[in-house]
Each structure stands twice: as structure tokens, then as C-alpha cells.
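There are two complexes below, and they share subunit A, which is joined by subunit B in the first and by subunit C in the second.
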Partner chain A sequence: MYIHQYSCISPQQTFDNIDLVSLHESVDNKLTAREPVYKDIPRNILRRMGKAVRMGIGAAMPVFLKQPVLNGIIIGTANGGMEDCIKFLNQVIDYDEGLLTPGNFVQSTPNAIAAQMGLMHKNKGYNITHVHRGLAFENALLDALMITRENAGGFFLLGGVEEISTYNFNIDLLDGCFKQETISNKALYSANTPGTIAGEGAAMFLVSGSPRDAVAVMKGVQTLHSTNEPEIKSIVQQFIENHLPPGERVDLLITGENGDSRILKYYHSVESLFDTHTTIARFKHLCGDYATASSIALWLACSRLPLPPHMIKRRGRQTNCRNIAIYNNFRGSQHSVMLVGLL
Partner chain B sequence: MGIEAKKFDLKILLMEKEQLKQQLKQQIVQFLNLTDVQPENIKDDEPLFGEGLGLDSIDSIELIVLLSREYGITIEDPKEGRKILVDINTMANYILAHQTQ
Partner chain C sequence: MSRIFITGVGMISCIGNSVEENRAALIAGQTGITQLSLFPTKYSGLRPCGEIKIETGALKAKLNAQEKGVTRSSLLGLHAFREAVEDAGLSLEQVGSFDTALIGASTVGGMCLTDELYRDANEKGQGSEYLSSYDCASVDLYLQQRYQMKGIINTINTACSSSANAIMYGARLLRNGYAGRVIAGGTDSLAKFTINGFNALHILSPEQCAPFDKNRQGLNLGEAAAFVVMEKEEDIMEGRKVYAALSGCGNSNDAFHGSSLSEEGDGPYLCMRQALNEAGLGPSDISFINAHGTATENNDLVESRAMIRLFKKPPPFVSTKASTGHTLGAAGGVEAIFSILSLFHQEIYPALHFSHPIEETGLMPSTQYKKTALQHVMSNSFGFGGNCSSLVFSAVHP
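Then we have the complex of A and B:
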């Protein structure tokens, strides 16, 4: 599968006037997205959108403008517009199951993002949303890999979206997912305590089975549910061996290390597979941790931006970056590895 | 009731209506999330739908719910709704005539 266009809204300056060097700081352990003005979304539609829908469509607009004819829309989101969902459920209680407004309900289902994109783009093609928690984006990616193989000439929009909702943040905080102490994202990797910081964002990609005008090729993706460290290491190793062209090496490894001391072992284990040739970079201090954060890592891989020092964990000997591996881990049990080739 | 007392009642009614209109404007902006509209900039006779505020059919449902929740007014006949949801004046007049809460 080939990637032709990529776009991203995140807590950093990634949508327009891209700047990864200046790091925007987290507030109360949350990295909230820097949303653009959304000038291409009609005001009457925009005012009804929840944040997840807004970010998703906002990030998809450059793809829509580049590729007016799309064969389908494939989105990964674990929670969709959870904030609007809670607003709607609160109304059910507040108004004693009486008269309810449809807006919050319509906008709150996870598939509202892809559905709204379909409506705006007048796209009647394949429209699907994958909601597999920390592997939602990877499952959307697998779907895209299969459908672009079936329709080599077709173009598809692939994306991952998540928003921070107060409800989910509080539940996850009680569950120990986020740090008890307030830290800055600038100190995420040195905290050495359980939990991480919350984040949100949307990354969109125009993909097809054709290499023409492509910027990158997705060589493969593998997902795994496990807490067994040797098993994870072995599967990642096997995946790299199976997908890397003969004689080539992984030049850059982007990991989803998130400052959670409990799951650091998995990252150390995967990093140990790569020798000093490979540069190791981290990205969760840019966007926080959320179920579809690996989509931001894929955007980083495609964008070919020079990695600022705050992203580098270990500078490798490589001089030409061709093959990029992305390893991410959601809450210690959902693992994914992707291999991207830059063209 | 003397002429002075009647004048006084009328004054209260006019004040109530004016306050109600201001309240309605604020509620419409809030309920419909009209982020680029200031309540004070909505004219009393500005059409709510089409030209003017440019609301649409989904907004009409939101306005019906607003009338129910905030003023205890239930609109069951869609034809009746079309006459009420014309502008701020028609909404305020209907509320004053039918308010139950």
C-alpha cells in the first residue's frame, strides 16, 4: 500500500506552519490539540461538530482537496466523540428521559467521523470505522492494506482520531493510566513513575495500491495482544525480518514510549533488536498517549521532517533514512509494529 | 382598576417581554452553539431560518426542545411551529401567551 498525502492535527504545530522544534507544553497532564480555523468547513456544519469529528474532518480536508474522487473512507478511533456522548447521556438523566436534542447523539458515535466525512465529500463508497481500543488505527490500516490490494487503482482515506473527554480522562485516571503527579511533557521520559499523560489528535492519509506520486510505502503492520516480553520481542523481530527487503536495515525506529514505568520494559526489549545503525526516536511527548496515537507516528514517518533533539533517544550511524519501523504499545497489552519505506 | 394601574401593568409586561427577548437570544446562541453570533446582535424581527440567522431543520428541533425545557411549552403540530419559530418577536409572544413554568 502506498501513501500519497498526509495531514495531522495534534497538540503541536503539525497542521500548518509545521514546527516540531518548539514544544507546546501539557497542562494538568493533558496535551490538547492545537486546532486550526477550519476555514473549509461550512460554519453551520462546524458548530454542531464535537472535537473528534472536527479534528478528523479538519485533518481530512487537505486530502479531500488533493483527491476529489475517493473510493472509500477508513477510520480508526477507540472512543469517537465521547464528550458529546456524555452530554447526551447526561441529558437523558437531567430531563428524565424526556425530549432530547439529536445533535449530541448524532455527533457522538465513533462512526460519526467517517460518516460526516462521507457526507461532506459526497462519498458513497466504502465507509468504515474500526474501534479496537489501542489497535483501532492498526486495524484500519490492515483494512486499508487489504482493500488497496483488491482495488489497485482506487484511492482511500485512512485515518486515526481521538479526543480527550473529561469522562474518559477521569475514569482512566482512577484506573491508573495517567500519572498521579502533575508533570510536563518535557519531562515525560524522566518521570519514572506509573502512568502517562493524556493526548488527542487526528492524522489522515491518502492511500492506494499504486506507487505513482507516492511518498511512502507501507510494507506491513502486525498487531499482538500479549504481556509476555520475550514473545513480543520475538514477534517484532520476525516481523522486521519478513518485511525488510534483503540487504536493507531499519534506519529509524519510532517508539510510543510514554513515560509509564510499568511498560518501559517492552520498549527496552524492542529497542534491543536494533544496533547502533538505527536511530531511536520517541513521539508521545508531542501528542500525549491515546488509543490511536500510532497514527501520529506514521505521519511523522511520512513527513520526513528533521527530528528535533527532544525526539531523539539514541542517534544512530545511519545517514540515509529509508526504512522506518514504528513500535507502539497501548497500556501494556496491545502492541503493534509497522514498517514504512520512504520513496 | 384605574388608568394609572393599567399603565403600570403594561410597563411591567413590556419590561418582561424585553427581558424575555434578551434571554431567548442568549439561549438560542447557547443551545445552537452559534459561536460567531453575539446575542445582542440578533434583531427582534430578524428571520431565524433561511436569510437572517440561517438556521436549518435540525435547529428547529433544537428550538422546540428549548421551548419545552426552558418554558414548559410543547409544540406538537409542525404547522404551529412554523408560525412560532419565525423570529424573536413571535417566539416571545407565544411564550408569554402559553408559558407554564
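Then we have the complex of A and C:
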């Protein structure tokens, strides 16, 4: 599968006037997205959109501009419009199942992002939403890998979206996912305490089975549910061996290290697979942690932006970055590795 | 291209706790739509539903599922999953192996616990045992953990077509070599969230629903779980049971409106046509359709128009939602199994509560149980957001 276009709305300046060097800081352990003005979305429609839908549609605009006719839309999002969802739920309980307006209910379904894209762009092609929590984007990516093989000439939109809602932040905080103490994202990796910081964003890709005008080739993705360190390490190793072209090496490893001391061991273990050739970089201090954050890592890989020092964990000897591996894990039990080749 | 065979089925719905019980109820023309007696809501007595009459606690005991944080959705999922796996004769080792994928689907997930979710989302303090059980993925993550599954695990949510898409995705995993066997389907349980949501849209019927009837008043919600086991023809050892082949799948977006279908039903038409194309069949090859048929004003009219547009004279069809209610994310799986049973037993189940056709289309569902020769059966699932999917199953003659 080839990637032709990539676009991203995140808590950093990634959509327009891209600047990864200056780091926007988290507030109360949340990194909220820097949303553009969305000049291409009609005002009346924009007003009714929840944040996840808005970010998803907004981030997908450059893809639709480049390729207005798409064969399908494939979205990964664990929760979709969670804010609308709980707003409706709150009405159900607060008004004791009284007379309700259905607006939030219709907007709340996770498939509303892909559906709204289909609606706005009159796209009647393949349309699907993968919601498998920390592997929602990876499953969407696997879908895209298959569909670009099945439809040789077809172009597809692939994306990952998540929003911070007041409510899922509360639920995940109670569940111990976020740090108890308030920290800055600039100190994410030195905190050495349990939990991470919350994040959100949307990353969108134009993909096809054709290398023409492509920026990158997706060599594969592998997922695993496990808490067994040696097993995870060996799966990642096998995957890299099976997907790396002979004689080539992984030049850059981007990991989803998120400052949670409880799951650092998995990152250490995967890092140990790569020698001093490989540069190791981290990205969760840019976007916070959320179920589809790995989509931002893929965007970073495609962007070829020079990595600012705050992203570098270990500078490798590599001089020409061609093969990029991305290893992520969500809450210690959902693991993924992807391999991207820059063209 | 390899043929994909269905080698195991499992389901629980308001008309039965097993596939056999469901079939017996369909043959007998029974409905499971009743006034609510277990699920607490202000609408009990006002909006009949397809409620499974087993309390959550009893399900936990029956399934020996005493882990913390297990929701009714997960329990129903486990119930159907276990039956499908046993029916296919899969060992625990096979279920857990790297080449067995689980593709589930849900729209409600753990949100069936609406009151608990309300407290956990809004209040500080301890939090309930369900903090990591509310999302749609929680059902499949529970099954993954319980069976220590190592293969690809995924959850799909395309509203009411979710589990049809799970089955389609599973077939593609097999064809693309990402799995050697796939367990695919979906789960949803009743929730205040959905009862109030559909009620606010004014599409819940105060009576037992009457799909394709001129005087239909809307849908009845139901709860169910359904899973099928799928394998490639060449991987199936001689002597194993094969129910049917999955010969074609279609997925298309109606691109019209968030919660209703377009006048001409482009999404329904396109997904049916695509499923036929993939199966290498023409409209006249379809012997029977298990329609989406929610009994809403909009769906049944548009689905009828789309069927006429594609088939000119549509083959016999029925909506089994008059028996089970609309089980949302599980509906595609439930109705895939009904289609498979129709093929395996060469029989058609009767439409319930139908008396007068919609004037514009004049289409009449088949209202009698009958034994009849069936070669290809189509199963339709359409969801909010215009997410339309259609599956074609074919008889496999030994």
C-alpha cells in the first residue's frame, strides 16, 4: 500500500504553518488540539459537529482536495464523539428519561465521522469505522492494506481520530490511566510515575495500491494482545525480519512511550532490538496519549520533517532515513508495530 | 478465489438461547417481542422490546463469568461465541492460536450500564468496577482475554450494519491470508441510551413491529449476540459440518442523511449489487432475501424501492425483526445465521404481523413457513450514517 497524502490536526502546529520545534504545553494533564478555522466546512454544518467529527472532517480536507473521487473511507476511532454521547446520556438520566432531542444521539455514534465524510463528499463507496480501542487505527490500516490490494486502481481515505471529552477523561482518570499529579508534557518522560497525559487529534492519509506520486510505502502492520514482555519482543522482531527488504535496516524507531512507569518495560524491551544504527524518537509529548495516537506517529513518519531534539531519545548513526518502524502500546495490553518505507 | 465456508454458528436472542431454539421459534412463527420485565426503564409497558429473559446475574453464573467489570453485552457475546466455537468443533488451542481472528461488532458495548456510566463520567471518587468496560471494544477484549486469543482481534461499529461488516472483514482476512479461521459476529444488549435515543427519533413502535406492512409504526429494539466461524474451503478437513458458503459481500454508503435513507435507496441498491457482483451472480440467482426490514416508515419503503430497482420482481423476502426485534450491532450476525439456516435446512421462515402491502411498492413478504429449494440467500443490513451492507450466502451441497 502506498501513501500519497497525509494531514494532521493535533495539539501541536501540524495542520498549517507546520512547526514541531516550539512545543505547546499541556494544561491540567491534557493536550488539546490546535484546531484550524475550517474554512472549507460550511458554517451551518460546522456548528452542529462535535469535536471528533470536526477534527476528522477538517484533517481529511487536504486529502479530498488532492483526490476528490475516492473509492472509500476507512476510519479508526475508539470512541468517536464521546462528548455528544455523554451529553445525551446525561439528558437521559437528568430528565429521568423524559422528552429528549435526538441530535446528540445521532452525532454520538462512532461511525458519525466516516458517515459525515461520506455525506459531505457524496461518497457512496466503502465506508467503515473500526473501534477496537487501542488498536482501532491499526485495524483500519490493515483494512486499507487489504482493500488497496483488492482494488488495484482505487484510492481510499484512511484515518485515526479521537477527542478528549470531559467525561472520558473522568472515567479514564478514575481508572488510573492518567497521572495523579499535574505535569507538563515537556517533562512527560522524566516523571517516572504511573499514568500518562490525555491527548487528541486526527491524522488522515490518502492511500492506494499504486506507487505513482507516493511519498511512502506501508510494508505492514502487526497487532498483539499480550502482557508478556518476551512474547511481544519476539513478535516485533519477527515482524521486522519478515517485512524489511533484504540488506536494509530500520533507520528510525518511533515509539509511543507515554511516561507511564508501569508500561515502560515494553518500550525498553522493543528498543533493545535495535542497535546504534537506529535513531529512537518519541511523540506522545506532542499529542498526549489516546487510543488512535499511533496515527500521528504515521503522519510524522510520512512528513519527513527534521525531528527536533525534544523528540529524540537516542540519536543513531543512520544518515539516510528510509525505513521507519513505529511501535506503540495502549495501556500495556494492546501492542502494534508498523513498518513504513519512505520513497 | 477460495470459497469461504461457515463451519459453526452460535446465537442468543429473545426467541432462544441457542441456534436450534431460535430456529424452532422461527418455524413456529413465535415472536420474542414482549413488554420489558427485567430491564428497568420508564418505557417498560410502553415500548415492547426483544428482551432476553435471563437476568444478568444468572448469565454470569451460567457462564462462570465472575470476573469484575463484565457487562451484559459481554455475557451475551460469550454465550454465542462459546456455542459457535463448540459447534465448529474448535479446540481451545485452535481458538487461542495466532491464526484465529475474532472480529466482533457492537454499538452499545458496555453502555448498557447507562446509570453506572453516568456516575463514572460525572462524579469524582472511587469509580465503579466497569471503568474499562463501557466502550464497544470491551466485549471482544473480554473474549480475547478469556480465551487467551493471539490472532487479530477487531471491533467494528457501523451502527445497525456493524456485524454484517464484521463478517465481511473476516472473509477478507481469510482471503488475504491474515487468518486461517475467523470467528465473526456481534453483540448488543438493551440500554436506556438506545431506547431513549430511538424514542427521541420517534421510530419506536408502541406495538409489536410489522415489517413491510402499510400501517407499520416503527421498530422494536432487541438484544442478541451472534457469531459464525468461517474457514477457507481448502482448510476444512473431510467430515466437518459445513452450513453454507459466504459468496459475496457489499458495503456502500447512502451519503444522504444521518438517520434516514435516501428516497431511491442508493446505499441499499449499491451494496446489494456489489454483493451480487462479488458472488458472480445476477439478480435472478437470489432465491430469498432476509431483508433489513426494521418496520420504520423510512427503511421499509426505501428498501422495497431498492429491491425493485435491482430485482425488478424481487424474490421471496422476510424481515425476521418481527421475531427478534432490531438487535442493532448484532442484527447482521443474527440475520446472517438465519440466512445460513434457511440454506442448510432449505426452508423459509414466516414474516409476522404483516397484513397490507405498502401501496407504492405492493411488495408482500412471505408469511408461511415452507420447505423450498434455495441456492443463494441475501442478507441486508443498513445503519445510521448511511452504512449499508449486504451479504450473499450460498448452499453447499455435500
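Convention: the second predicted complex is superposed on the first by the 343 of 343 C-alpha atoms of A that agree within 3 Å, B and C clash if a C-alpha of one lies under 4 Å from a C-alpha of the other, contacts with A are read in each partner's own complex, and residues count from 1 in each chain.
Rule of thumb we're sticking to: a contact is a pair of C-beta atoms (placed from the backbone, for glycine too) under 8 Å apart; a residue touches a chain by one contact, two chains touch by 3 or more.
Everything numeric in this text was worked out from a predicted model, so none of it was measured.
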{"item": "Clash or fit, subunit B versus subunit C on superposed subunit A", "value": "fit"}
{"item": "Touching partner for A:Ile280 - first (subunit B), second (subunit C), both, neither", "value": "neither"}
{"item": "Superposition-derived comparison: subunit B or subunit C, residues of subunit A touched", "value": "C"}
{"item": "Touching partner for A:Leu100 - first (subunit B), second (subunit C), both, neither", "value": "both"}
{"item": "Subunit B versus subunit C as contact partner of A:Arg47, first or second or both or neither", "value": "first"}
{"item": "Partner chain(s) touched by A:Asn168 [first = subunit B, second = subunit C, both, neither]", "value": "second"}
{"item": "Partner chain in contact with A:Leu253 - subunit B first, subunit C second, else both or neither", "value": "neither"}
{"item": "First, second, both or neither for A:Asn123, with subunit B first and subunit C second", "value": "second"}
{"item": "Once both complexes are placed on the shared chain, angle at subunit A toward subunit B and subunit C, C-alpha, multiple of 10 degrees", "value": "70"}
{"item": "Overlay on shared chain A, then closest C-alpha pair between subunit B and subunit C (Å)", "value": "10"}
{"item": "Touching both subunit C and subunit B, counted on subunit A across the two superposed complexes", "value": "99-102"}
{"item": "For the subunit A and subunit C complex, residues of the former touching the latter", "value": "73, 78-80, 85-86, 88-93, 96-97, 99-102, 105-107, 109-112, 114-116, 118-119, 121-133, 135-136, 139, 142-143, 145-147, 149-150, 167-168, 170-172, 174-175, 223-226"}
{"item": "Residues of subunit C defined as touching subunit A within the complex", "value": "41-43, 107, 111, 114-115, 117-118, 120-127, 131-132, 134-138, 140-141, 144-145, 149-150, 152-159, 165, 169, 172-173, 176, 178, 192-193, 195-197, 199-201, 251-259, 266-267, 270, 383-387"}
{"item": "Of subunit A, residues touching subunit B in the complex", "value": "43-44, 47-48, 95, 98-103"}
{"item": "Sites on subunit B touched by subunit A in the complex", "value": "31-36, 54, 56, 58, 61-62, 64-65, 68-69"}
